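Chain IDs A, B and C follow the sequence of writing; residue 1 opens each chain.
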């Protein structure tokens, strides 16, 4: 049984070796400061790495490692690191969660980050929506704006040609959307506009175009009881009753993006952050599709009928990190014109920094067929901040469940609206 | 009944068994064939109604896409290392504890053994967050050790090895003791070698379950280069959502080395597993 | 002599503790502590970031009042009813067939066992693709439009099919080893008495394999009650069948990590553990009635 002894010995040696090797999160053998940078989007990994490389080229004593966790596990993991006070040095923060993290003191207050350089930096270089996306409940800034996005209408030109329908443009309304869908379905047998059960990429846009809102004016209670909200949601949900739109069962198995790029449907709503990877992943489709601004509401209850949900991520850090001062310097760079330019030029996302939108647009010049990606930038004029309040993590699953139940007919539309309204209201009460 | 009708009945029976096995084999193998065929199709072709059986053109783009997204070499390596260390830990520690519980007398033995039994009733999902926090505190997430961590000890293995030692007569240990061995020596030199078959069975069992572990590797290691095959595939799903041809290609790349290993060692493999159900 | 015996028993105690130490310490730290923590959380109102306030039984009250919870119980039981008896029956049939002396049995055995060496994530993916309502091969072959994944009444059956397919080889191999331990002389004696193959099966095979069958039954039942990974991989978040098809452990996961109500999630776990405990006790009590240890 020498083997067994050897194995035990080997195991002990290995475990000790892993232990020593794993403790390298501090200043390690090479004397450099090692930072981890946690993100959730594989497609943006290279862009983030390029930005880090630019920083470390100027600061050779710092090493930054970009790590990707898929969205589904990201928040489970981040919360666990927050509990044990082992958060990554830098991480992406989403508007869904920022209020929770900020209010519990888990992310650092970065309001003063640029005070030495330019006290008005945030207000000068970022839009009001961008700044709202980084605020905690106390109105202070808990992140450095990373990007900003809007939702656009992606359409299949070939199908429009076959049906003899003009391409979508600025003048399009909801009626045009439905009419074109019907014509395309009749002429080609393929689906028209694929309206699926999603908030940011779905009904939120319609609600705000109609002048409704998901939250009441106080930002705490729900807006699902407002007639303008209900009318828009009813319109959106009922789209699946048309023969030109697949039902929610279909979307549970085939995402609208997959359906679109395999030539099953003519239109769907897509966020600008996915456009580049779709160009790269579906080379056969290049030249056959394009993007346009969202159609507007023809007879809104309030406003001009235009809206596109605009969200934005930010870079955040823990206030108790070991390398807080170094991290602040890195964050300052990420928010600077140079850092934001690298992000834009990598095609990762539209920089939050005002005036750098074209760096992202320019990325699309590399393709033989140039998409009309400017439309995403145009929509910032009427972008609506992505719906958020402190209690969103609590009410969001209930609202999503209710929406799915309306789709599957388990509950009526009216009951569904009541459940959603209650879910939002009660989430605030429970606090 | 004469001989020829007996012979005929036997033939019909054999034919029935073969028919059963052939249908069964088709059901078992078909998903893999379909995976293979789909992995060569374009996404457009995969969604044709009615579906084509053979790809119109055998194109490799799905494989290059999957390989561009995931570092398969590292995934194989990490998966093997994770399995290897979990197997070593399970076999060594379970043998020790199993021997002690079966053959040695000490106070509180029954109470301590009940811990082993209770553990087997608990769903593993509840361990994930606390275990993660322990690892994070000592900075060992994103490491091979992190992957091995929940498998350092095995309640099932302890239970199983205890059964194996119970099957060995006490006289053998007694003889070793009279030869001047202490408890540890008689365990290592005399008793443990008698349970190699059980150890092999436990090794196979541990390997199969470590291989299938999904949630833990997903949470603990987020560096793509430190993922396992299972967690890598889940990440691929996050990226390509419902683009099935790419996911089929990724699945194939993930399973091929294991299937090849299995084809070579299937006898040892299956017989190892067979033992874990005995007694 | 007496002194020697006590010295021996002392050394035995010492070695006993040393040899169980890694396992017991490991289990206490890795498993028992998290379990005790879960019990504590189940009596607490949980706040984000691991904060909590002890609140008594309110989570349990909320849980028992929730229709979702009872639905999850029914789903779990339904899944067990589908996978355990049917799965075990099929596995036993396969094992009996593999126990005959036909050519190619090693090959067939390897084929049935194949799913065990494929990552469950890959298994779930390919089955989802086969079951796809619109573009799946199965609906094409059946020439029906069945919502295998999205119909709340069917999706549990779909998951059960995948579970049975994945485990049949494993269970069959275990049962086969039990069958191979049955001495041929029993069958020869029965043949001489004129017993048919079917009679032999019920009077010899089944009783003789019952201890193995019991072990497999317990294992399969435990894993079926705890089913989670399979449902997680088969059902997307956008699936309308999600809330009506979740198992107990899936409900735990959603409450704990999606909704962020760890307290309620923990209560669901404690309930599940109690459930497993009761089922195990019933099994061990019931085994006296049908498991034959006389061999």
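What to note about this one:
Just so we're on the same page, a contact is a pair of C-beta atoms (placed from the backbone, for glycine too) under 8 Å apart; a residue touches a chain by one contact, two chains touch by 3 or more.
Keep in mind it's a predicted model, so treat the numbers as computed, not measured.
Chains that count as touching both chain B and chain C, per the definition above, are A. Chain centres computed from CA atoms place A at the largest separation from chain B.
Counting C-beta pairs in contact, the chain pair with the highest total is B-C. Each chain gets a centre from the mean of its Cα atoms; for chain B and chain C, those two points are 15 Å apart. The distance from the centre of chain A to the centre of chain B, each centre being the mean of the chain's C-alpha atoms, comes to 37 Å.
Between the Cα centres of chain A and chain C there is a gap of 38 Å. Counting partners per residue, chain A has 76, 83, 253-254 as the residues that reach two or more other chains. Each of the following residues of chain C touches two or more other chains: 132, 134-135. Looking at chain B, residues 46-47, 129, 234 sit in touch with two or more other chains. Residues 1, 4-5, 7-8, 11, 14-15, 18-19, 21-25, 38, 42-43, 65, 67-73, 76-77, 80-81, 83-84, 86, 253-255, 257-259, 261-264, 281-282, 284 of chain A are the ones that touch chain B when the two sit in their complex. Within the complex formed with chain A, the residues of chain B that make contact are 42-44, 46-47, 65, 69, 85, 88-89, 92, 95, 129, 132-133, 136-146, 188-189, 192-193, 218-219, 222-224, 234-235, 238-243.
Residues 8-9, 11-13, 15-20, 22-24, 26-35, 37-38, 93-94, 97, 100, 102, 104, 106, 108-123, 125-127, 129-130, 132, 134-135, 137, 140, 165, 169-170, 173-178, 197, 211-212, 215-216, 219, 222, 226, 228-229, 232-233, 249, 252-253, 256, 266, 269, 272-273, 276-277, 280 of chain C touch chain B in their complex. Across the complex, chain A is touched by residues 48-51, 128, 132-135, 147, 149-152, 236-244, 254, 257-261 of chain C.
Residues of chain A that touch chain C in their complex: 75-76, 79, 82-83, 100, 104, 106, 196-198, 248-254, 393-394, 397-398, 400-401, 404-405, 407-408, 410.
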